[in-house]
Each structure stands twice: as structure tokens, then as C-alpha cells.
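One structure below.
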Amino acid sequence: MTEPTSSLSHLDVEEREKPFLDANELVINMGPQHPATHGVLRVILRLDGEKVLGLECVIGYLHRGVEKIAENRTYAMFNPYVDRMDYVAAVSNGLGYCEAVEKLLGVEAPPRAQHVRVILTELNRLTSHQLWLGTHALDIGAITPLFYTFRDREEILKIFEKYCGARLTTHAFRIGGLQYETYDGFEKDVKNFLTFVAPKIDEYEELLTTNRIWVERTKGVGILSGQDCIALGVTGPVLRASGVKWDLRKAQPYANYKNFDFEIPVGQNGDTYDRYLVRMAEMRQSLRIIQQAVDALPEGPIMAKVPKVMKPPVGEVYHSIEAPKGELGYFIVSDGSTQPYRLRVRPPSFVNLQALDKMCRGQLVADVIAVIGTLDIVLGEVDR
Amino acid sequence: MPDETKPPASSPPEAEPKPTADKTVPLGGVKATTSGSVQSEAKSGEPGGVPLPGTPPTPDPGLAPPPTSPPLKAGSAPAAAGTPTAAAGTPAAKPAAPAKPAAPVPTAWNSPMVAKLKAQFGSGMEALTYLGQNYMTVDRSLIPEILQVLHNDEQFDYCVDVTAGHYPQREKKEFDVIWILYSYARNERIRVKTQIGDGESIPSSVPIWPAANWLEREVYDMFGIKFDGHPDMKRILLPEGWKGHPLRKDYGILQQDNEWVQINLGIESGQ
Amino acid sequence: MLDYIKSYLTSNLTPGSAGNMFWAFVYIVVIFLGLSVAVIAMNWLERKILAHMQVRLGPMRVGPHGLLQPIADAIKLLLKEDIMPAEADGFVFWMAPIFVVLAAFTVFIVVPFGPTHAVTDMNIGVLFMLGVSSLSALGIVMAGWASNSHYPLIGALRSSAQMVSYEIAMGMAVISAVMMTSLNQQGTGTLSMIGIVQAQQAQGIWFIFKFFPLGLIAFFIFAVAMVAETNRAPFDLPEAESELTAGFHTEYSGFRWSLFFLAEYSAMIAVSSIAVTLWLGGWLRPFPNLLTGAKWDLFFFLFPGITFLFLAGMCFYSTVRMPKHPLFRIQTIGLAGFGVVLGLIGLILFIPAVRERVQDIYWFSMKVAAFMYLYIWYRGTFPRYRFDQLMKVGWKILLPMGLGVLILTAGVGLWPLIQQTIWNR
Amino acid sequence: MAADPTNHMEPVATPFFFYLLGGLMLIGGVLVITRKNPVHSALALIVTLLAQASIYLMLYAPFVAGVQIILYAGGIMVLFLFVIMLVSIERSQRERQFNKQWVVGMVAATALGGLFIAVYTKGRGIFPEHALPAVEAQNTQNVGTLLYGQYMFAFEIASLLLLVAIIGAVVMAKKRI
Amino acid sequence: MDAMLHISTLHYLVLGAALFLLGVIGVLTRRNVVVVLMSIELILNAVNLNLVAFSRYWGGLHGQVFAIFVITDAAAEAAVGLGILIAFFRNKETVNVDEVNLLKW
């Protein structure tokens, strides 16, 4: 107990020989094989009884060296790889990458492609949030929402599958637009889905929002103030739940988000409950965007003029989008060859995960689970 | 900008800010063969094509030649694939690429903030804009102060990313360290770049932005750049004890720390 | 010997009370087998009901509608490798599941399935049940400690702390029900399980409705505490899979694990039996005093058989709806066979002699089954409490409530007496 | 528990169960004082306590038996196990188990044992040979009547004692004294 | 043989005495405080056994009432004893009786 809790990062991984009643410190290793760490996150917890004194994340178990691979692939060849980072929001990843390369190339996707991109990306945001909700609720012990969300997520995946043949790692977009025209009935499917899913979101809320246990488990847990969020670089719903009204779709519109009317849901307390509410509201906003996009889906080409062999001019570009988890940025350095000289992904999960320690200090072990869930991390993206 | 005279034509000096439409540079260089020869100015580590103001004596050899001349240091890109092809260094002679639209080039970036920073830091920094994205190249010695100023006075309160790039062809200054910053108040994004050599360290920006903690660790992990004053400078993605820094250009894509793999995983090779 | 066996049949006592060891042994065996079957059925039902609550089908492959799934699971568990951690304390590790199972099954000695359908009728029945079921906390602590691993230890500590704290609130609720057996100059007061049900019969009211809100509140306290006692959702912290992987039985596998499973479910049935006995009139059919008369008697007598016939009908309906495909032939036949068996049981239950003997057990089981359904329902609906919240609920809400109910029950029960002594002075 | 005695008649096979349970108790007691590992000691003690509860049943004291199970086995022993798990036992297990004056202790115990033997052999006659008829059916009520009647004052004092013990235990176990 | 088969008070008393002796030996010789506390429980149980046995053979219930008091006492003793043990362990990191040699630390 003499050790200041602030120097957490120097946490001694070795289990101490102290008897834990005296030292009041129990070092527990959570993961990488643990059902609530959403993959292969390993968290080393320092506990006083059940109270968390500090924790350290050990990551890298899924490290595949995406950035290195990028340097050895052409721009087009690398496109499918980005889907493997945040595999629950693959479309968003693809959108960010394609737009970054397009920016580098100086091309712009035609309006129809932009619209389809927005539709698919927002659908993807929905899947991501649904998956988050299901697993988060499961972590907190409510097992039913998982199946409800998966049932509805399935409908989106069906649309993806019909559109591009893949459900998860879609590789839906191409640099310069889309490879595939939308299939017949795409608009109808999407519209049907919108009418189908709106009441389902109410259903999730019915199960959880007013559930006393849910509220008790999430209110006041893992509080992160707006300042903390900004200092820690946390973005996405976590940031917005802390009261910072910032969404890249509004702040620095990309694709053609500026044409759509939607709101940025903002929380107040920055606790787990607010993050839950923000994400629920975001799902509804996504539906609004999709509705507008599909109503105004223009005719026209779906692919801009892009050279067969892409050699972006020498230069570097940083482009970021609002992925479901936060700001997803691509920093690409081109040396004029067909391959990126350096490609850096700014993964939202990775940066958001840094806040875990801050959010968990002084909470209980059970809250660590809730907080990991509420951060909505995907280890594929954290480790890349 | 004392070094203004040095930069090649491709990077217009600060003094004459031009819109991005400025196409003084023939783009032939970009048409380098796939062998990866990097075109002169920009490619070799300075995509922006900016002179290196920070190091007056010898900025970067790669920058000196006019744009069309062969790069002094050819073959930077291929290093990534582990198949350096130095011979490809000559392609500048192919000024072709007629079909291509003229690529944008970096232009000087002028704003009150830049002016203020200039006044404060003088020649140590240079501000440019490329594709509408602003960035500044800063001398390494100015790094902590300028970041501090950006954070405290210019409201760049959000450190989006810290990353690096490896340019082995540049002697002494092999690495670019890049901070991507964003200001919520101004809704503005900038990049701050500096160059350092292998084995050198750089002041950590964790005291300024706690967000930089893991990002700097990742840079250390991937490039071996040490950050002074970082609270916990150790590997993050790769295991402790791994040898080598994978994102360096001289680290092959199939390369791995065989010894580590054999000891820790008990297998011959991870491939 | 035969006389010894026969002599009991004419008695109207439980075998234990009649001192007939043979029948006591028979009852023990029957209860043990019945309980095992109930646990297996519960396993299947829980998975199916939960699945249907969660818009999925649940087990469908092994047998028609997955009816054989629990058996397949049991075989799998028995064949699984039995792993003991190298650092574990072997003897304690070995003893723990046995201890838990023993505690869980011993309780059933005093559970009254009918006026004579109990192994024995102890006159400290309730005390005995509470005491023995609290012993399983010891087994859990043993399991957690012997595993010599962090998660089981935390799970065991949580579990025992939880059980000990909820036992107090539970005790308060139980005592208020026990008090109801004697208050108001009705009955003499008893701790015997059979005596409690007989008191309800004599007073003509289930204790849940007695002193109107009081009995209900006590029942509510018990209903919450019993979920916590059995470590089920939303109080399943000791085995919270998202936090402690599996809690105290993380390191257990195979047969030993299935013993814990068995113990958990039989403990659920046991505490539900206590609740049924204390508040819901035990083996009494609904409204035994209101809806009397030959017509009503017949109506309620027919219930058991009708239930089984209804289940059989469901089976036949599903049989008809089975896909007509060669691959499904065996399943279809199996389902039909199952329906036939259920129908036969239903028909047998219509025989008056059988009906007379079995209807008590039927009503008791039905009431317990309602609790079992509630358990599953809770699991499908509620998130999990956090440990401090769980303790808060136990100590700050349930315990004061229980004390209040206890005092109020005593006060209300003694009110006529108090009136007499004060006003008639 | 299957061996519980009945209300209305002599317990079945009394000598058999007496020797069985008594043997269990003694074995448990020996294990309690000889095991190195306190957890094993505690488990042995639980065996002793449960066997003793059964003996209480044989003695027509079912209420005491119930209290024994609930309080001792379910309460106190859980507390013991809790504490044993909290204090690390690895070190104490490796240490010497018996203290230096064990010889003195054994001598004192032997003397005490001798005293017992002397008393029991000499005073054989004083102890009642045959039991009075059991009043077990009303056992709980009678115990309650005694507790709340004749022993009311003692009962109140016992509750006070428990209160003091609760406060004492809480104060002792607090983080900082 | 009859003495073996007919269980009289003396049998219970002897059993109680044996248990008592075991408890005494444990208290006097063991170093581990936890085991000492458990031995005290053994002693109390031996006493309880005597009380209940006498109550059985003399017909009254006073012995049982006393046994209940003793159990109450044992609960109080265990709680306080273990509380002291925890406090002691926290300060000394040991559970040996012979190291309890200070009245205040």
C-alpha cells in the first residue's frame, strides 16, 4: 500500500510474495483466455479485495503487422486487409482507407457511390453497435439481448452478403467508388430493414434501459470526464457520452455526410450508462441517415476514373473517419510507387483502450468487465 | 526560413505561397518504375518535399537536387520488401506520365498561428500545406517546446496519433516522427514532423498529452525510437525480449526473431 | 419381513416417523432417482425455455426437440477427462463436490411431497433444511480453496459470503412463516414441514395470504433470498462467467463438475420446496377450502392426468409437424413414442387408486415447477448484480424488511391476546 | 443424516450409531490437532461437529442438533475457513507445528485424563444408567419456554455478549487499528 | 459386553472427556492460532456433549438450554478470536501463538 497508485504503468507483473491480507494487493491476471475480454486482451489487475488499485493491459496477441503488410502490397491489394482490423466494422475500415487513397490520388467517388457507401457504412455502424450491445449486456450478465441483437444484425449481414458476397470482412468498397452496382432490390431490402429494425431497438431498450439492475450496474461506473477523454485521446461514443459534442461526420464531414440531417447524441455523466444511451441513440441516428440516403439514392456511375495501376503522387495524407468506435485514421505516405511507402492506421480501439486504467481505478472487478465492454474494443484493431 | 534557397523548385519556398494549383514541378519523377525508386525530393523521406530546415549544415542530401535529377539516394522504397534495387535510382529520367493530372504539391501554409510560432521559434520550423492538410516540419531540438506551445496556447488538445516513418536513405536522420494533432476548439488538424537519427531519442509528449503513452510505445516497438521521459518505455505489441523493430525498412516482411520464437513458443519457426 | 413391509402401508405416518426402515430406504431411493430425473429434465427445460425466450430453438439435434440432449451431455461429462490441477489439494478437491451433493440431497429427507410422502417428519424440519442447505457453502469454500487458483478462490469467498448473508434474511422470513402456524390461537406452532402444511390446511389459508401483506412480503423476501442462496441469476456472482470464468468450479471438469451441477439444481429444487411448503400450501391443491364439494374434488383430481395428456397432445402435434423426410423418421418415431409414454402416464393417473396417492405429489411438484420456471425466467431477464450491490440488497433491504415482517407478524398474531390483556383488565 | 432417530420409539441400533458417530468424532478430533494444514483441521472439525449433531439427535435433543448444524457447521466453520483462506498458510505449514512446551502440555493432558478416569471409575454409580422417557415431541417448545422464561436474563446477557463480540470483531478486523 | 451394548450416560461422558482431552492437547501444544481456536471449539463441544447427555438422562431440558448458551458463546468467541487473529496476522505476518508476546504493537 505504500506504493503510489499513480505509477501504475510500472506495475510489477510478477506476483508478489506478500500475503494479500497484509499487503492488500492481489494481482490477478485476466485473460488472454477470458470470456469477458472480447478476444485476447490480457489485463493484469492489482486488487485490494475486489477493488481495483490499478491495471495494465497486455496486448499484441493478435498483432499481424498490418502496417508492414501494407508496405508490401499495392494500394488496391491492401484494401481487403483493412477489413481484418476491426472485423465487426469492416465497411467503415474500408471507407476510411478508400477515401484516404482517393484523397492521395486526387479522385472523388461519384455521388451514387458515395450514397451507397454511406448506407453500407451506417448499416455497419448498426451491426457494430448491436454486437457491442449484445456482448456488453452479456458481460453484465443479461444474456438475452445478445440473441436479440444477433437476430437483427443477421438482417444487415444478409444485405451485405447480397451486395458483396461477404458478411463480415466485406471488402465492399474500391478505391474510387464501388466495384459492384447495387443488386436489384437493394433499396427495398434496406427500406424493409429500416422498418424492421426500428421497433427492435425499442425492444433492446425495453430490456435494459429501465432495468434496475442494469442501471445500478452501469450508472456511475467507469466515469470519464470530457477533459479526461480529450487528454487520453478517446473518441467516438465514449467521448460523446462524456458531453463532448464531437463527431467527425459533422466536424469534418467526409463522404457526403454533410448532405444528411442527423444529430449527435451526447451524454452528460460520461459513465457506462450514458455510453449505453449514446450508442442506442446513435443507432437511431444511423437509421435516419440510411433512410435519407436510400431515399435520395442518385443514379449514375459508381466508379470514378482511377488508373488501373495506382501510383499516387509523392506525398502524405491523413484521413480519418468516424468509425463506430471512434476516430479511425489512415496516414499514408506515398513515394510515387504502387505501394504505400508507409501506412499508419490510427485505430480508435487502441487509443480508447488506454483509458481503461483511468476508468477502472477504484472500481470493483465486476466493473472492469463492464468497462471493457463499454469501451467497445475489438482486439483485431487494437493489435492490428 | 533561412534554408529557403536550398529546397528544390518542387517545394516552393515559404516566401511565395501558392495555391495548390501550383504545378511548377514536372511530375515525371513520380512515374518511377515499380522497382520502387523513389523520386527525388519528396519521396525520400520527405513526402512533402520540404527542405529540412532544422539542420542547417546539411539538410538532407536527397533534397538538394532539382526535381528532375535522379535522387541521390535511390531505392528507399524497395527496402520494405527486403529487395533493395539500387539500380532503379535513375528513373527520374522518365519525365513522362503525361496522362496523369498534375499532382498537388505542398505549399506554404500561412496563418496567424504559424506566424506566431515562427516568431517564437524562428527558423526551426516550417509550415506547409498539402492536399489541404497542414503540417509543420520542426527541428528536433524544438520538439518539446513547440508541442507544449501547440497544446497550451493553440488549443491542440487532442493528440490523434504519434507515429514514425523510416527513411534509411537519409543518413543520420533516418526517422520521421510525426504527431497528428487536432484542436476541438478550432476544428483544425495539423501534423508536426521532425527527423531524428537511429539510436537517438526524442522527448516524450506524454506529459503534454497522456494519449501519447501507448502511441509512443508503439513507435518504440515498431521503429526503436526511444522517447525520453516516457513513464513506461517498453514494447507494446511485440513481446518483451523480441529483437528487431519490424516497421524499419531493413526488416523483411517474412523476418522474425527466430530465437525468440524457438525459446518461447517451442516451435522451429512461426512461418 | 413381509409383514414389516406391509405394516407401513396402513400407517398414515411418514416411514421415518413410523420407524419403518425399509420404506424409508425405498423413499430415499425414489427421491434420489426422481431428483436426478428432475435435474435432467430441468437441464433440458432450462435450455429450451431460455432458448425460446431468446428467439432461438435450443437443442434440436439429439433426439426429437433435443429431448435426449441432457443424456448426451451426461454421457459426455462422464467420459470427459477428470482433471485435477497439479497444485490442488487433492483430498479436499475430491471431497468438495461430494460434500456439496450430500448437503443438497440430504435436505430432501424432510421435504413433504404429501402428508405421508416424506422420508421422515422431523420436528425441527425447517431448521434442519436451513442448516443442511447452508452446509453446501462449506463445500463451495472447499472447492474454491482446494483448486489453488485465484478465480475459484474469489468465487468461493463470494459464494460463501453471499450465502451466509442471505441466510439471515431468509431465516427471518422463515421464522415469520413458522410463527404463523401458532398465532391467533390457531394451531400449536411447529417446525415440522408436514406440520406447517397441516397448519395451513387447518387454518384454511396459505401463509402467503395470511395477514395479508405480511405473508406476501415474507414470501417475497424468501423468494429473493433463495435465488441468492442457490447462486442463480441475477445473484450468480460466484460463477459469473464474464468475471470469474466459472467461479468456484473453474478447475473442475467431467464427473466432478457434473456433481456441482447436480447439487446446484437440487438445491434450487430444495429451496423451492421450502418456499412451497411454508407459503404455498405444500401438497394442498388450490383452494382446498373454498372450492369444496364432489364436483370440485373431481375437477382437481383430474388435473394430473389432464396435464400429462396435454403434454402428450403437444408431442403428437409436434410429431405431425415434423418434416416428412427420411432423415427425420427416427426423430418422428421417437417423439411419437415419447408422446405415447406421456399419454399412458396420464391415463394411469386417471385410475382412482393411483390418483389418490399421487395427487399430493403432483400439486407439490407443480408448485415447485413454477419456481423452477421463475428461476429460468430470471436468468433470461436480469443482468447480474455487482457484489457490493448484492450485499446491499441482502443487508440493507431484505434484512430490515425481514425483521419488520417478523415483528409485525408477531404483533398482528398476538393482537387479540394483547387486546384482551389490555382492554379487559 | 439418514440415521436420524425418530420421535416415538427408541433409536434404531443405538450402540452401532453411538460407536460409529463417537468414532467419527474422535477421529475428527485427532485430525484437528494433528493436521499441518489448518484447512484440513477445519474440515476434520466439521466432521466432528456433524457427528456430534447426530449424537444430539440420538439424545433426543433435536433443537440443539439443528442449532449445532446451522451455527457451528454453517456459521462458525465458514468463518474459520474464511479466515484461514485470508491468512496465508504456506509459511505456517512449513514451520514447526508444535510449540516448545509440548511436553508440559502432554503431561498436563495426561494428568487431566487420569483425573477423568479416576472420576469415572470411582463414581460409576452416580451417573444415571437409564434414561427417563423422552419428551422429544415438544422439545423445541420446551426449550423455547425455558429460554424465554427461566433463563430470560441469561438469554439477554448472551445477546449482549454477541453484540459485544460483533463490535469487537468488526473493530479488530478493520484495516487499521 | 452388556456395558458395551447398552449405551448409558457414562458412554457419552467418556466420549466427551476424550474430546475434551483432545482439545486440551491441541490448545497446549499447537502453535497455529487457528488450530488453537479450533481446539477450543473441541473443548466447548465436549462440554456440550456432557450437558446434553445429562439433560437426556435426568429428564430436564436445562442441559440443552445451557448447550445453546455455550454454542452462542462459542460463536462470539470464534468471531472475536478470529478478529484478533486477523489483526495479529496483519501486523506480524504470522499465526503462531508463541509469537504473541506483546500486549500492544
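Letters are used for the chains, namely A, B, C, D and E, taken in the order the chains are written, and counting of residues starts over at 1 for each.
Criterion: a residue touches a chain if its C-beta (ideal position, glycine included) is under 8 Å from a C-beta of that chain, and two chains touch if they have at least 3 such contacts.
Please read all numbers here as calculations on a predicted model, not as lab measurements.
S.K.: Trace the shortest sequence of touching chains from subunit A to subunit C and report its length in steps.
M.R.: Between subunit A and subunit C, the shortest chain-hopping route counts 1.
S.K.: Find the chain most remote from subunit E, comparing centres computed as mean CA coordinates.
M.R.: B
S.K.: When the contacting C-beta pairs are counted for D-E and for C-D, which pair yields the higher total?
M.R.: When the contacts at D-E and C-D are counted, D-E has more.
S.K.: Please find which chain has its CA centre nearest to the centre of all protein CA atoms in view.
M.R.: Closest to the centre of all protein C-alpha atoms: chain A.
S.K.: Roughly how far is subunit C from subunit E, going centre to centre by Cα mean, in whole Å?
M.R.: 36
S.K.: Quick one: subunit B and subunit C, Cα centre-to-centre, how many Å?
M.R.: Chain centroid spacing, subunit B to subunit C, equals 70 Å.
S.K.: What is the distance in Å between the mean C-alpha positions of subunit D and subunit E?
M.R.: 6
S.K.: Which whole number of Å gives the spacing of the CA centres of subunit C and subunit D?
M.R.: Averaging C-alpha atoms per chain gives centres 31 Å apart.
S.K.: Residue numbers in subunit E touching 2 or more other chains?
M.R.: Those would be 86, 89.
S.K.: I need the residues of subunit C touching at least two other chains; which ones are they?
M.R.: none
S.K.: Can you tell me which residues of subunit A touch two or more of the remaining chains?
M.R.: 19, 21
S.K.: Residues of subunit E touching subunit D in their complex?
M.R.: Per the touch definition, subunit E meets subunit D at residues 4-15, 17-32, 34-35, 37-39, 41-42, 45, 48-49, 52-53, 55-59, 61-62, 64-65, 67-69, 71-80, 82-87, 89, 94-98.
S.K.: Would you tell me which residues of subunit A are touching subunit B in their complex?
M.R.: It is residues 7, 9-10, 59-60, 63, 65, 67-69, 71-72, 103-104, 106, 230-234, 244, 246, 251-252, 307, 311-318, 320, 327, 329, 331, 333-339, 341-342, 344, 346, 350-351, 353-354, 383-384 of subunit A that touch subunit B.
S.K.: Which positions of subunit D touch subunit C when the two form their complex?
M.R.: 1-2, 4, 6-9, 12, 37, 39-40, 43, 46, 62-63, 65-67, 69-70, 73-75, 77-78, 81-82, 85, 136-137, 139-141
S.K.: Taking the complex as given, what residues does subunit A use to touch subunit C?
M.R.: It is residues 26, 28-29, 34-36, 50, 137-144, 146-148, 151, 207-208, 211, 213-214, 216-217, 364-367, 369 of subunit A that touch subunit C.
S.K.: Which residues of subunit C touch subunit D in the complex?
M.R.: 16-17, 19, 21, 24, 28, 89, 91-92, 95, 106, 109, 120-124, 127-128, 130-132, 134-135, 137-138, 141-142, 145, 153, 156-157, 160-161, 164, 167, 188-189, 191
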